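Let me give you the structure first, and then I'll get to my questions.
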Amino acid sequence: MVPLSYYLVLSAILFGLGVVGFLLKRSVITIFMSIELMLNAVNLAFVAFSYHWQALSGQVFVFFVIVVAAAEAAVGLAIIILVFRTRASLNVERVNLMKW
Amino acid sequence: MPAETVLFFVFGGLAVLGALNLVLQRHPIHSALSLILVMAALAALYLLLGAEFIAAIQVIVYAGAIMVLFVFVIMLLNAGEEERTSMSRAARYVGLPVAGLLLAEVGYLLYRAWPEGAVVEADKFLGRTGPIGRLLFTDFALPFELTSVLILIAVLGAVVLAKKEL
Amino acid sequence: MLDYLWLVPLLPLAGAFLLGVVGRRLAQSTVSLIGVGSAGLSFGVSLGVAAAVAEMPAESLPMVKSYFTWLAAGSFRVEAVFLLDQLSLLMILVVTGVGFLIHVYSIGYMAHEGGYYRFFAYLNLFMFFMLLLVLAGNYALLFVGWEGVGLCSYLLIGFYFLRKSAADAGKKAFIVNRIGDFGFTLALLLMFWTFGSLDFTTVFGRAAGMPVEPAAWGQAGVLTAISLLLFSGAVGKSAQIPLYVWLPDAMEGPTPVSALIHAATMVAAGVYMVARSHVLFAHAPLALTVVAAVGCLTAFYAATIGLVQTDIKRVLAYSTVSQLGYMFLGLGAGAFAAGIFHLMTHAFFKALLFLAAGSVIHAMNGEQDIRKMGDLRGKIPATYWTFLMGTLAIAGLPGFSGFFSKDEILWQAFSSPSLPLGWLLWLGGVVAAMLTSFYMFRLVFLTFHGQARYTPETAHHVHESPRVMTGPLAALALLSVIGGWVGIPAVLGERAGIANLFEHFLEPVFSSSTAILRADAIAHSHSEELGLMGLTVLLALAGLTVAYTFYLRNPELARQLAETFRRPYQLLLGKYYVDEIYSAAIIRPLHWLSERVFWQEVDVKVVDGAFNGVAARARSFGLWVRLLQSGNTRSYGAWVVVGALVILSYFARDYVFR
Amino acid sequence: MTDWIARHPDLVFAVVKIVLCLFLLLTAVAYLTWFERKLIAHIQSRWGPHRVGPHGLLQPLADGLKNLFKEDIIPAGVTSRFVYLLAPFLAVSLSLLAVAVIPFGPEPVEILGARTGLHIADINIGLLFVLAVTSLGVYAVALAGWSSNSKYSLLGGLRSTAQMVSYEIALTLSVIGVLLLAGTLSLREIVEAQAGHWSGVVPRWFIFPQFVAFLCFFISGVAETNRAPFDLPEAETELVAGFHTEYSSMKFAMFFMAEYAHMIVTSLVASLLFFGGWLSPFPATEFWSITRYLPVVLAAALGGVLLVDVLRQRTGWHRLIMAAVGLGLLAVAGLLATQETLLALAQGPFWLLGKTAVFLFVFVWTRATLPRFRYDQLMAFGWKFLVPLAVLNIVVTSFLVAWRAG
C-alpha cells in the first residue's frame, strides 16, 4: 500500500541528485555516471506511471531508454578514452577549448 | 507496517544513499559502485512495481553491461581521485542553488499532482515478458528497428573513436 | 510521324550536348558528322511531319501536343506544349532546311578555323532554341527559345572572342536585345494579368472575344499595350529602328553565322512572333500602324545606309535590316501571310547572298572590303552566278522570288483599309526597293566586275570554294529563283490559272484577323495593281542602271557625286552617327549615374553601410554574449538546469500558485 | 513458537530450503575440488590426494581449515581497501545466488503435511535472473584485479572482464533458441516443455533441436567460469595467478569457491535447458516404470563397493569412515526402497544431479585435456565464431517456429 507519489518523489530526488552530481563532479566519467543516474530516475517514473495506468507502453519506453543509454555509454566512453589520450586528464574543466 | 512498504523504504533508502554516495565520493570507482547499488535497488523497486522484465533488463544491461564498461574504462585509464579545480563559477553559484530549486519543485509537483487514491499493491502485477515483446514487435516495431540501427551506428562510432590511429 | 514531332528540336539538342561534352576529343570529321547529321535528321523529320500533315484534312490543324508540366505555381501553369499549325510547320521547314544547308556549308568554311567542335555545338544549340521558339505552344516556352537564340547569337558573334571587336559586338547584341526583351517581359506579365494564362489557344481565344480597340492614342486599351510591348521585343530581335544597331556589328561572327542567325532565321523571329500574335495585333490597329510605320521607316533608312558601305558583309547586314523592315511593313498592313512569305524568300536569298559573300571572302582569304575586289567573275564563277541570282531575287526583278513577296507586301500596304496613309508607306517601300536594287548591284559590280583592285599576291591565291560550299550555294540559288512561285499574286495568277498557293496555305491561320482587317476593303481594280507592280519593277531596273553607270561605265561619276554631296555622303558613311548619339545620349549618362550615384553613394553608403552596421551591432552583442560560453561543460550544464527550471515552472504555474 | 511456524509454513520452508541449499552447495563445492584433483591425477596417471582420509576424502576439510587459519594479508599498496575486500564476497555470493531459482523437481510435493516445491524461488523470469546474476559476476574479477594494484592482477582483471563480457553475449544469444521453443522464461516451464518422447523413445529434450545452441552455451559457459581452456585471467605462466594474485587465505578460498559454484550452476542450467532437467530419460510407460528404482540400485551398489573397499584400507579409522559411508549409503538405499513418497521425491533431484555430475566431469575432463588459448585467439573465437553461430541458430530456429506455427 505505497502511495504512487512516493515512487515519483523518489525518482525526483534521484534526478536532482544526478543534476547535482553533474554540476559538482569534475571527472568526466563521474559526470557521465550522473547522467546515467538521471536516466534511471526517469525510468523509475516511467515504470511507476506504467503501473498506475496498467499500461505496458511505459515499460517499453524504459526498454528504449536503456538501449539508448547503452549506445550512449559506448560512444561516450570511447570519447572519454580519446580525451584522456590527448589531454592526459579526465578533468572536464581542462577540456574547455571549445569557446568563442 | 506491510511488507511492501518496508521493502519500498529499504530499497528507496538504498537508492538515495547510493546516489548521495555517487556525488560525495571522489574516486570514480566508488561512484561507479554506488551507482551499481542504485541500479540494483531500482531493480528491486521495479519488482515491487511488478515490472519483472524491466527489472531483469535493468540488472543485465545496466548493471551487467553498461556499468561494467564504466568500470572497465576506469581500470583502463587507471583514473585516480578527481582533482579539486573550480574553473566554472557558473556551475557553483548558479547551478547548485537552481538545481536545489529544481529538485524541490519537481518533488513538490509530483507529490501534489498525484491523487491520494493512487497506491501500489503488490498483487496487481503486470509486465509479464510476453506482452511486452508483443508490444515491441507490433506497435513499437519501427522504434525497435531504429534502436537496432542506432546501436549499430554507436558500435561503429565507438570503434572509430577508440582506434589508436585512423 | 507526328508523334515524333519532339524529335525535331531534340535532335539538334542532342548533337549540341554530344559535341559540347566530348567534341573536344572527336576528330573533325566526326564532329561535322554529328553536327550536320543532327541538323539533317531534324530536317528529314520535319519533312516527314509535313508529309503527314499533307495527308490529314485541313481542319485537323492546328494540333496541340502537350508533353509535361514545366512550371506550376498556383494558378500559373506552364506546359511544355508544342503547337503545330501551317505557320509553325512552314517555320520549322525553313529553319531546318536553310539551317541544314548552312551546316553543310560550314564544313568547308570553318575547316581551317579553331574551335571547330565549339562552332558546331553552338550552331546545333541555336537550331534547338530556334525550333523551340517556332514550335512553342505558349509564350513562356516561346520566350525560352527567344532568349536561347539570343544567347547562341551572343556566343557565335563572339566566336573569335580573342578579337576585342568581336567580343564587344557580342556584348552589344546581347545588351541591345535585353532592351527589347524588357518590353517583351512586360508584355508577358501584362498578358498573364489580363488573360490569366500564357497559352496561345487561351490567350487568343479570350482576345478574339474582346472588341477591336480604337486606333487613337487616347483611348487605346490593354491589347494595344500588350501588342506594342511585344513589338518592342520584336524590334530588338529583328533589328528595327531604334534597336537595329547591333546587327551590323554582329557581322564580326563567322559568315555562316551571319547567314543563318543574322539573316535567315533568328532576326526573323520577331516577325514570326508578331505574326503568331496576329489576333492581338488585329484587335489593336494602332499597334499595327506603329508596326507598319517602323517597318517602312527601317526599310528606307537602312537602305540609305547600305548605299555607301564598303564592307561586303555590312552592306548585306543593312540590306537585311531593311528587308526585315519590309516584313514588318507587310505585317503592319495586316497582310500577315505576305510578311511570312517575304520572310521565307528572304531566308532563301539572304542566306544565299551571305554564303556567297562568305565564299568570296574565303577566296580573298579574309578580305571584306569591296574596294579591294573586282573582276572576280571569272575566277569564282559558281560564287558569282549564285550571288547574282540572290541579287536579282532581292532586287525584286520579275520572276525571282523577291519580286513576288516584296510586291505583295507593297500592294497590301497600298491597298490596306486599316492603314492610314497607306500610299505614303507604299511610297517609302518603293523608294527603298529602288535603293535596294541600286546598292545590291553596286555590290555585284564592285565585287565581280570592273578591273581587279587587289594585290597580285592575293591574285594567284584566289580560288573557287570547295564543293561542300558551292553545293549549298546552288541549292539556295535554286530556291531563291523558284521559291517565290508558290505565292504568285492573284492578279497574275488568275491569268495563268494558278492560285496563290502560299496565301491559301496560310489562310486558316490568319483567317480570323484578315476577316477583321479586311472587313471594309475597297475594291481595287487589277489595272491599278498591275500599274503599281510595273512601277516598282521599273524603279528596280532604274536602280540597276544607275549602279551600272556609276560603277562600271564611268566610276568618276560616283566620286564627283560624293564630292558634291559630301555632307550627306559622310552622314551615310557614318551611319547617321547613331552609335555615337546613343553613346552620348544614353551610355555615358548611364555610366556616370551608376558610378557616381549608385556605386559611390547608394551602394557604398547605404547598402554596405546598412550591412556593416548590422554586422557591427551583432559583433558587439556577440562579444557580450560570449562571456556565457566559457567552454566549461559544467557551466553549460548549469545554464541548461536554469532553462529546465524556467520551463517547468511555466508548465507548473497553476500548481504552484494554487 | 511452534504455532508461529504453523502460521507461516512457507516462511519456514523458505528458510529451511535456503539453508539446505547453501549447505549442499558448499559441500558440493568442497568435494568438487577433491573430485577434480583426483580425476586429473588419474588422467595424468597419478594418485592425487590420498593421505587425508581414505582416498583423500577429508582433503577438502583440511584445505578449508588451512585457509581459515592462515594469516590474512592485505597488501599495503591496495588502491581501495573497501573494493579489495568487497571483491571476493561479491564473487562467492553472486555465484551462490543463482541457485535460488533452480528447480530440482516437479512441483509441488508433499512434505510433512505441507506442500512446497523443490526450489527456493520459482519466479517466472528465472532464466533472466540467472543471466543477470552471472553478468554481475564480472565485477568480482574486475574489482579484484583493479584494487590489488599489481600489474598481474590488473592485466588478469582486464582480460577476464573483456572475456566475460564478450562470452556473456554468446551465452545469452545461445539461450534464446531454447526460449523460442519453450516460449517462457521460467526454468520450471522450460523443463516441462521438454516432457514426453518423440515416437515413444527419444526424449523431447532441447539438446536435439538445439544442438548448436547447446555447443555455444556450454563453450561460453566454460569461458564464463574462467576455466581451462579459457582460464587466461589466471594463466599462471603469464600472470602468476591473475586477478587473485594478491589474495590470500579465506579471500583466496572464496574466489575458488566462487569458481566451483559457478561451474555447478552452469552445469545445472545446462542440464535444465537442454537435457530436460529433472525429467527421466525413460518413457513413462508401465514397462519403464521400473527405472524408478535406479537411485536405490546405485546407492546400494556404491555402498557395497565402499564396504568391500573397507578391507583395503590400512589404518583403522580409515576403515571406520569407509564403513560408515558405505552403511549410510545402504541405509539410504533401503529407505528409498521402502518409502514410496521418498522415492518419488528423490526422482527429480536424482536425475538433475546425475546430469549435472556428467557436466562437471566434462568440465574437469576438458581442463585436463585441452591446452590454453592465446588471448587474441580467444577473442576471435568468441566474436567471430560463437556469436555469429548463435545468431544463425536464432534465425533458423525462429523460422522453424514460425513455420510450425503456420
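We just call them A, B, C and D in the order they show up, numbering each chain from 1.
Criterion: a contact is a pair of C-beta atoms (placed from the backbone, for glycine too) under 8 Å apart; a residue touches a chain by one contact, two chains touch by 3 or more.
As the structure is a computational prediction, the values presented were derived from the model and not from experiment.
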item	value
Most central chain, Cα average position	A
Pair joined by more contacting C-beta pairs (B-C or B-D)	B-D
Centre-of-Cα separation between subunit D and subunit A, whole angstrom	37
Chain centre separation in whole Å, for subunit C relative to subunit B (CA means)	79
Subunit C and subunit D: spacing of chain centres that average the CA atoms, whole Å	99
Whole-Å gap between the CA centroids of subunit B and subunit D	32
Residue list for subunit B, restricted to those that touch at least two other chains	53, 57, 65, 69, 74, 76, 87-88, 91, 95, 99, 102, 106
Multi-partner residues of subunit A (at least 2 other chains)	19, 23, 26, 93, 96
Sites on subunit B touched by subunit D in the complex	27, 29-30, 33, 36, 52-53, 55-57, 59-60, 63-65, 68-69, 71-72, 74-76, 128-129
Subunit C residues within the subunit B interface of the complex	630, 632, 634-635, 637-639, 641-642, 644-645, 648-649, 652, 655-656
Complex contacts: residues of subunit B adjacent to subunit A	2, 4-5, 8, 12, 15-16, 19-20, 22-23, 28, 31-32, 35, 38-39, 42, 45-46, 48-51, 53-54, 57-58, 61-62, 65-66, 69-70, 73-74, 76-77, 79, 82-88, 91-92, 95-96, 99-100, 102-103, 106-107, 110-111, 114, 116, 118-121, 124, 126-127, 131-132, 135-136, 139-140, 143, 147, 150-151, 153-155, 157-159, 161-162
In the complex, subunit B residues that touch subunit C	87-91, 94-95, 98-99, 101-102, 105-106, 108-109, 112-113
Subunit A residues touching subunit B - in the complex, by the definition given at the top	1-21, 23-27, 29-30, 32-34, 36-37, 40, 43-45, 47-48, 50-52, 54, 56-57, 59-60, 62-64, 66-75, 77-82, 84, 90-91, 93-94, 96
